[in-house]
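Structures given as structure tokens follow.
First chain A sits with chain B, and in the next complex the same chain sits with chain C.
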Partner chain A sequence: MSLVLQALVNGLVSGTLLAVPAIGFTAMFAVLRFPNFSVSGVATLGAFAGYVAYAASFGLVGSLAVAFAVAGAVGLFFDRTAHLPLVRQGALPAAIASIASGLVLENLVRLGFGNDLRGFDRPIARDIHIADIRVSPQQLETMGMALAVMLAVFAGLAFTRIGKAMRASADNPELAALKGIRPRRVAMMASFVGMGLVGIGGMLLGLDSSIDPLTGTRILLSIFASAVLGGLGSPTGAVLGACLIGVAEELSVLVVGSPYRTAVGFFAILIVLTLRPRGLLGERAF
Partner chain B sequence: MTRIAFGRRAALVSGVAAVAAPAILRAQAEPVKIATLTPLTGAGGPYGPVMAKVAASVVEEVNAAGGVLGRKVQLVSEDDQTNPDAGVRAARKLIDVDKVAAIMGTWASSVTTAVAPLCWESKTFLCTVSGADSITQLPHQGFLVRTQPNSTLQVARSGEFMLSLGARKIYTMIPQTPFTQTTFDLMGKLVAKAGGTHQGLVYDDKKTTYRTEVDQALRTNPDMIFAAGYTPDTVVLLKDIYRAGFKGKIIGFGYSINQKLVDQIGQPEVVEGVYTYSPSPDEGSTAYERVKKATGLARPDPYTCQVYDHASLVLMAMEQAKVATGVAIKDNIRKVSQGGGKAVDNAVDGLKAIASGQKVDYSGASGPCDFDDKGDIIDCKFRYEQIKGGKFTLVKIA
Partner chain C sequence: MLNYLLFIATMGSLYGLLALSLNLIWGGAGMVNLGLAGFFAVGAYASALVTTSGHGPILAGWMLALIAGGFAGLVVTLSTTRLREDYLAIVTLGFAEVVRLLAANETWLTHGTDGISGIPGPWKATLGPDFNAAYLAIVLAVLGAVFVLVRRLDRSPYGRVLRAIREDAQVAQVAGKSVLRFKAEAFALSAAIAGLAGALYAHFTSYIAPDLFLPLITIYIFLAVAGGGTGRPAGALVGAYLLMLLLESARFFVELVPSISAVQRAALKELLIAVTLILVLRLAPGGLMPERIPVAPRPRAQGKR
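Coming up: the complex of A and B.
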């Protein structure tokens, strides 16, 4: 029993970290209307930007800010130059182009840093035992940062002008444009913030493990599955989806063994698309 | 300074002569093509580039000394990305487009398993450093040799070593590889024979955390954990084992638990006391010294040494056969690698001796390089090390 409980806790922790890039992914989908698979490359880039900043003693929060800014700026650049011009032809060409951008970014990182594994130079501490459950102090810290980032995003969406404009634009672009919201500006903002969150996600996930040019590719399916499960376009859904995927991935280790972990993401996507195409909290099917 | 006049007429004459020369002569002038297919990226990324480099150095030396069969040698290097899909694509290119006679240096067992059928079907010779038993059991018709001891030999030696350290409750944590099942079977038998118990689990090597897996392992109260993964996943695994407060012993493969892993974990106490073992290159040998010089490394890894030997053996087998094809290498490689004769430790000396009609017996940087009928090496040493204060200290070579 405690094994299951421990797996639940572990799943929630990894789910929280996964939620940050999942929010970014889903927010971009809501506004830009195509699944942006370049998040794999952007997450890697964010992780490396954060790594460089951390090595230059920017501190954790400072490094997260750097990861956000670099990933956001580069993600925005690729969106403007490569993806958005294709969206007019439909979501599919843009999605395919974004896969290519992801590969380009991954290999740019490889060009600069090589294939070597890198780890954030953080102290590794022994776990704290609460009853029969183990939690690592670092994981709690990382989780806390992820929660803070999420809070900031939700507050931004709820209370700021640009947040409201983004939600309006996602809900009904024509009506939003009639009301004087400039769709182009909102799209750029969504792209920057979304990609920035993906970059933060890459760094957060790399903090406890290690980073290399494939860091983003490894988590791409989990991010996508979280967003689809929660309902594409719904940030709250993405958080819920990420937690569910995180827990499901850990529990699957106990049931079928961890080599089948990747199947969890695919399985979740399959079930959602079959039974409830709009996802758990999505308002409509895209 | 003398200037050589090369007028239009001379050019015309030589051009005509070239066209008029028998086709066979022109074919002779074409370079002999061989290839490396090493992991320049992916989990094997730390090894592949040096492996390709050392093969290039052999080719360079041989070309400087006049080449093979009077022809220049051309080396084509491709990246298998430590990934069977990419490996197959690259092998297809090497076989169909470059038409190489031999492919050398496939590293991950999964890649070798995928690439091998393309090689034997196209009669291209394959030299590999992969350890999975299943590889030499493939119906390769002789078109494959490996310089890495197979996993049966590796696991048997590691198991004996663990038992010699007093371990009786061993838990193996391993990703899905072609040697996973062999490892479980063999460890089970070995440990049971010594009166101990062996358990284990297969994990996904792409996860970012192994907390749940470590919990499963620790619930069996093991006194030794065999961490049998590759470097990226083992970094995560060792951190999680440390966090969980495991007090027993840990052992892993030398290719996975290496200086890069220690640097990357960055905190010596996490890896303090961890044992590693790896097939050892023949460190005292002259060929090993040559590899050191060619790579500029103080301690070249076993795979680099093995690829040095691949390139040397392949070129010598061609010279021995007087033909530069995969079939010729298959039929002649054992004539230059074993069975007595003039002892040589590099391709240039070997090629000279063969050209003068001598029988040679190559011993290289990785060891004696003698192969059995299935393509496995017959003899090899192992090096056991322990990490102390972030440094690898030698326990023994045996």
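Coming up: the complex of A and C.
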């Protein structure tokens, strides 16, 4: 029993971290209308940018800001130069180009840092025990930061002009343009913030374990699964989806063993698409 | 040197098979398969297992690879063909990953990461040093047969329906075509071809392992089809051989770069391929041999007025 409880707690922690890039991915999908596979490379890039900043004693919050800025800027660059010009031909060419972009970023990181695993050099602290459940202070710290980032994103979407413009554009691009919302600005903002969140996500997930050039590729399916489960285009859905996927992944380790952890996302996607294609909170199946 | 050329030609032809498989659905019906490497692996493992653990004849292995690939294709499409193609992209990507996980972890069946070695080649003992040339002939024969098949399909009413679905699925549906059935069939056929390519690969190199079926192969084939021309089987074939040329020249090129490690060399090579794919998609969307859209025939006068 305590094993299951522990898995639940761990799942909620990793789900909270996963929610950050999932929000980024789903927001980009809502505005730009293609699945951006380069999140794998961008998450890796964010993790390494944060790693370098942390090693240069920027502190945790400062390093997260660096991860956000670098990932956002590079993600925006690739969206502008490689993906968005192709969206006119349809979502698929853009999606394929974005796979190639992810590969470019992954290999740029590999050129610079090699394939070795690297860990963030964080102070060691004693685990906190509540009954039979173990939680490390580091886990709580990263979780707190993920929650703070999410809070900022939701506040931004709800209260700022650009946030409202993004929601309007996602809902109905023609109507939004008619109302004087400039689609280009909204698209650029969606790319920058979305990719920034993906970068933060890469670093947050790296803080808990270690990072290498494949960090992003490993979490790609989990990010997609969270977004699809929650309903593509719905940020709240992405959070819910990420928590469910996080818990399901941890529980799956108890049932089928850790090698098949990454398969959970795939089967979750298959099940959701078969039973409820629009996802839990999605308004429509795009 | 001759063996090297034979190897290149055989690998190029296998990529050609995969390119025909991808072109059938991407160029034909506007669907993508980001799990091409997974179907390739399914075929390779099916045939390898039948002929090593199962002691079956090679031809049976190839048949099973076709069936296994097609069946896997059906399973993957059943939940997604109803929906937009980008869902299919996500699902197929996941499929390839799951295949690799299964191959790496179901050790009782696949020998895990050690892979399967000693996969028999046809008449390998009798042919001796001539095996490579003979095998190339076999691969070319299969490639030729598949090429003729997909080209006939492409020009048949069936191919026209697929293209209609690609252009506008709703219109095709209104015209009375079962979009779901056509898409599932095309995808299954395409996956079967990829499976057959995998089987041919396994019996050529006589060794397979999970690490040989990385998603990178899928990227290669997308480059081949995008470069050669989507929507035309001949374009896909030309693209596949050009891809082989590019891969080999990239290999020589990265050898020339001084003072970098092996890991960096490999990274540089992948980087070059990925950048080339982006450039091709951006600058030459039709590829070298763009699709020829036939002029619609003038409707014949319908009898007397």
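Here, the second predicted complex is superposed on the first by the 286 of 286 C-alpha atoms of A that agree within 3 Å, B and C clash if a C-alpha of one lies under 4 Å from a C-alpha of the other, contacts with A are read in each partner's own complex, and residues count from 1 in each chain.
One rule holds for everything that comes next: a contact is a pair of C-beta atoms (placed from the backbone, for glycine too) under 8 Å apart; a residue touches a chain by one contact, two chains touch by 3 or more.
These numbers come from a predicted model, not from an experiment.
Asks: Kindly say whether there is room for both chain B and chain C on chain A in the superposition, answering fit or clash.
Replies: In the superposition, chain B runs into chain C.
Asks: Quick check on the superposed pair: does A:S14 touch chain B, chain C, both, or neither? Answer first, second, both or neither.
Replies: first
Asks: Now for A:P259: first (chain B), second (chain C), both, or neither, which partner does it touch?
Replies: both
Asks: Once the structures are superposed on A, label A:R80 by its partner contacts, choosing first (chain B), second (chain C), both or neither.
Replies: neither
Asks: Between chain B (first) and chain C (second), which, if any, makes contact with A:R167: first, second, both or neither?
Replies: neither
Asks: Identify the partner contact of A:D208: answer first if only chain B is touched, second if only chain C is, both if each is, neither if none is.
Replies: After superposing on A, A:D208 lies in contact with chain B but is clear of chain C.
Asks: Taking the superposition as given, does A:N115 touch the first partner, chain B, the second, chain C, both, or neither?
Replies: both
Asks: Looking at the overlay, which bit of chain B runs into chain C, 23-31, 59-67, 77-85 or 347-355?
Replies: After superposing on chain A, the clashing stretch of chain B is 77-85.
Asks: Under the contact definition given at the top, report the residues of chain A touching chain B in one complex and chain C in the other.
Replies: 110, 114-115, 213, 257, 259-260, 262
Asks: For the complex, which residues does chain B have touching chain A?
Replies: These residues of chain B touch chain A: 40-42, 45-46, 175-176, 201-204, 206-209, 211-213, 215-216, 219, 231-232, 235-236, 239, 242-245, 260-261, 264-267, 270.
Asks: So in the complex, the part of chain C that touches chain A is made up of which residues?
Replies: The contact residues of chain C facing chain A are 26, 30, 32, 34, 78-80, 82-87, 89-91, 93-95, 97-98, 101, 104-105, 216, 219, 222, 226, 261, 263-264, 266-268, 270-271, 273-275, 277-278, 281-282, 285.
Asks: Contact residues on chain A for chain B in the complex?
Replies: For chain A paired with chain B, touching residues are 3, 6-7, 10, 13-14, 110, 114-119, 121, 123-127, 134, 136, 205-206, 208-210, 212-214, 218-219, 249-250, 253-254, 257-262.
Asks: Could you list, by residue number, the parts of chain A that touch chain C in their complex?
Replies: For this pair, the touching residues of chain A are 34-35, 37, 82, 85-86, 89-93, 95-97, 99-101, 103-104, 106-108, 110-111, 114-115, 213, 220-221, 224, 228, 257, 259-260, 262-263, 265-266, 269-270, 273-274, 277, 285-286.
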